[in-house]
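What follows are several structures.
You will see chain A twice below: alongside chain B first, and alongside chain C after that.
Up next, the complex of A and B:
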């Protein structure tokens, strides 16, 4: 398919102006947001004001009040408690997608970039093919038809995310290939696998780590998108994407029921994006990875 | 060297694209086999299954034939634009899709236009003011955009401009051009927001790179106005990356359109796909995926041609520069 040559921002040429605070405040905020989400996921029932699945059909959807800080949904479930409980699917799934996709991507990318040749051509053919297709759309069709819910959604996304990761790791491995330390290792007779994992991999690692963060953000957006369409978690599970879909209908009575989980998705994803970009820039300016 | 390259190029591409479409069609056809129950039960839909009915279905859809023969028969139909019959609606698939197409195309074109115009402007401004607070702010806005799934920003827009301010309608797709523009403004913005970030990022990066080149300094030294250098040279060169990225944006927008149509309850192709998938209406899903695949292939083809038109170096296969 089309040869895609998207230029990535070269941070080196950008003069750092605008003061230090403007750089550190978003980082601090992002860490705070991720900290809160992790606390929600770990503590869960301990800090939730009530049972997230407790229905109350008599009151139905109510606006925020003293008893329900963020109000309730159509069947009287507490929104705040559901948001706290929803942090688990919002954290675990995207993490598995990011780490899983990057593991496959690292293996294929290192093989293609370092060994090269026909193997590389084959890997890149696959990557270019997958890159030209809309990942989430494939996920919608495959998960919708085959079923399998959340686990299947995570597995499908791992496979669909790996081509982009392969491309990035391969580019990094290619950059390392002509460097003197490789030549030195080759001269000393170090076996190929050892050069790849002991010498090349640590140099590729910074980029791998920052892209795991970026993948997490996109994984969260994708997984909650699938849940929004009813293709991720089973009905009734507290999940931010699912809540958005279910509570669209109470927008006039309790708008926060739909908006609050939406904001949680955006805040968590944006934080991960900011942290990933920041790590990437840091590694870039310290010389590693670029 | 005028028209020849195009014909040669198109021929070369077709040699890749036709096998690709065949591969996708094979995957799409296998969906029937991959579904959780047996094909005849899927084709039956929710209706009660007696052995006689199941036999009739097996015979009608030739399910006893070998897989490849079934596939060949289906593919022959697809080539003749016969996509089969929807299980739930009991009518031919293709007219169902075509009927829904205009809303999705309108939404897509509208959203793409917003993403392209606003994204280019933001990218250019960020590149020209790079390193400043304004640059950081524009980059931050685009990070928020990429982090906001179309359904989340859609709900927020719906609430702010539809419910609180009451500027825009919250339901329906509108009749006639102006009314439709009116109804689809919020959905189009939601669609554009998620895709705009890529255009901002690419425009900014490409333009910064171009502005650092020697030819820009040289042109300025010769006394050409900055405006002339920017629009005549630097931006034109930067556009190569933007055109490539806009292809990705269009394809990314397909997914966005699905989410936006469900969020705003618009009867387009995207919501049809979700309905079809949820109702396990396999013939309809197959038809939709084929239509989408053809669309994607055409987008890639157009992008490939476009950037050969913009950058003659790619056209003539030269590796200089």
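Up next, the complex of A and C:
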């Protein structure tokens, strides 16, 4: 009596309309930008036209020419080579900030959202406390007073980023908590940790991944800002934020010396943002998620 | 051929989804229908039949990327040819739409009175006149005037639906399109809303298009019925004749799938499979893949709707050959099954005087369960009937340990299950394997992140059974699914298939009791019958006990031996299902039974009683 037809699944009836190319072009461009930055970071010396730290005080700052494609800074260092070398700090720092902040945020958010009760209240009060502090100002003061440079800047940003991530993950975990499939797992006797990691986490993952990308973008901007203020990398290190600071004095001789690293920061941050959004939608429509 | 006699005359309506690259996907094709003044027509169809989009297309309220073509002549004007600007005055004042969900249809930040006044925008009157008119309109739908100053969230679902109806009628439409107006409501409220709708329609001599998935609702309220399946009309005819003598296998299938409320059948005749997407079957007889009478000629192109005597029409090309067989099948099935009177077996579950209060100690404290006692015998199927808010789900959750009762005792086998958190590991583990659950919503009861096989393996592991592929396959087979489903994700399954997987998951731990919380109410009628049959078969094969929670008395009649009626947290009646449904003792049970739509027409002047307490 109870046969069942093995037919193609019924899909959603009304697909999203049009705009395929409008959607894919920014994604392709973003992938390209991130690809270039990663290539810079990985290959570094192999593709840089010269040593990024080699000074040439005789020529000083020059505008772009055949020899120096993006010109040089005040002490004659090649801007292009420094931008290529700067990709490393631009990639590693923000990545640590994003992954570190999200790891703390995921753990706290899952605990608070899924277990709830007093633990949740405790976590959320901590988050409220962190929210009430002006994040970057704190970073400036802490690093300014204790010192510690780039490593300290990354650590402080991890701590400062985690409250926002905690809230996001907690909200998602809370949304999953009352759903029947979680309750079905409970009645099967699935242990709490397993429900959290195997049942709740995959459904929180789309949000986690997209926020890692957003955090990366914001981390890059923050770290560059700190470097600009002299609180990040030590002087002399090729770093985009630092270059922005050092080369503002040669703006009229070689504007690209400051503009190019600035553009790199913007392009990399924007690309990460776009990719984060895109991944979120991919996840969401493939069934994990809503 | 403009037919001035009809209020609305829809000709060759096609609804398509526009896909990228200029392609289209058909949702509804070549639909013809007409409504006369003062007439009620029903559009009946399961999910995916295109009935809601048909309704919206008439008001030209289709979502972006969906296109309607054809003609929709309303009092001589083709609505599809009007400009957006000249269409606007038609909406609300000449044609109006009443939607299913009373919880989202009203704007939560506006007073109910204001929402009714909104619809009077084209009538010139002062603010006071408008106010007075809104109050008069509320009276028309049986609500006191205080409701005008309330927000929607302060009202019950039935009252909201009444306000929505008053708002839809505010512009004095000549035609009202009601899209599942009673589906989201409780049975008793459902009957009230239908009666009200009919009364208003009668008083105003208005045309009414009632869109529903529920044949019983359609038969009780409509003059003429259009049966829609996967985007095509299967049959058209007078409601009474359609019910007594369907001229299409699909209509017959629907009638047979519908469990009768007045008797128990040994098994329901389910339509195999589930509704396919319209465009997959648009080139053949849409029902052929699921039809027991399908022959080669059925797949030779889409059959036209052929007129029959008595103003009827059918799209079945073989109707003359199979008519006699259909009649015979109907008659054969009507024979009721002998209900075997079970001796009261030993109690497996015993619930004694359980209380549960939500938000205890706050001003919002309200009791969900008050001194509820209930027992389920070994191998017995027990029903728990009640409307939303009666506490039936709370009781189920207490049994499963998802809630803690505040007082009272729950014993399952020899284990004290009143407080799951105080149980030792061994007892807890035994209990988890003893009692399992099937939830209502098939769309959220499976984790979308995991494949079917993963979910079943996990359940097997919890029970300490081998998690081999063969065991998973046998579980799937037990619920009537092929083993290949193990590699599917829930998103690729239909509602009925998901519910089967949910049942398989519950069965994985070899439970003795299955708590089924409205397990079929979210499913289409044809699929509902399959799942009900599955429950019956599993009980016979495995000797399971059921606690079957539902609001649907017809379902209760088919699957349970004994039934408890829960009303506002208290058990008001208990007894063998036949006794309770045939000779109810409690006034509330009687009201529940009377509310079930039957073949008889809804009495136009049905009493409209309103919970004044809630209005305050």
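Everything below uses one rule, namely that the second predicted complex is superposed on the first by the 262 of 290 C-alpha atoms of A that agree within 3 Å, B and C clash if a C-alpha of one lies under 4 Å from a C-alpha of the other, contacts with A are read in each partner's own complex, and residues count from 1 in each chain.
Assume contacts are C-beta pairs under 8 Å (C-beta built on N, C-alpha and C of every residue); 3 or more make two chains touch, one makes a residue touch a chain.
Just so it is clear, the structure is predicted and the values come from calculations on it, not from any experiment.
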item	value
Touched partner set for A:184, first chain B, second chain C, both or neither	second
First, second, both or neither for A:266, with chain B first and chain C second	first
Contacts of A:79 with chain B and chain C, given as first, second, both or neither	neither
Touched partner set for A:26, first chain B, second chain C, both or neither	first
Contacts of A:274 with chain B and chain C, given as first, second, both or neither	first
Which of chain B and chain C A:111 touches, first, second, both or neither	neither
Chain A: partner with more touched residues, chain B or chain C	B
First (chain B), second (chain C), both or neither touched by A:202	second
Residues of chain A at both interfaces, chain B in one complex, chain C in the other	1-2, 4-10, 13-18
Chain A contact footprint on chain C (complex, rising order)	17-20, 27, 48, 63-66, 267, 269-270, 272-277, 280, 289-290, 400-402, 428-429, 432-433, 435-437, 439-441, 444-450, 458-459, 462, 480-482, 484, 489-494, 496-497, 500, 502, 505-506, 508-509, 530-531, 533-534, 537
Chain B - residues contacting chain A, complex	16, 20, 31, 34-36, 130-133, 135-136, 140, 143-144, 146-153, 155-156, 158-159, 163, 201-202, 204-206, 208-209, 212, 241, 244-245, 247-248, 251-252, 254-255, 258-259, 262-263, 273-274, 277-278, 280, 282, 285, 289, 292, 296, 300, 303-304
Footprint of chain B on chain A - complex, ascending	1-2, 4-10, 13-18, 22, 26, 129, 132-137, 140-141, 144-147, 217, 221, 224-225, 228-231, 241, 244-245, 248, 251-252, 255, 258-259, 262-263, 265-266, 269-270, 272-274, 277
Complex contacts: residues of chain A adjacent to chain C	1-11, 13-18, 20, 179-190, 198-199, 202-203, 205, 287-290
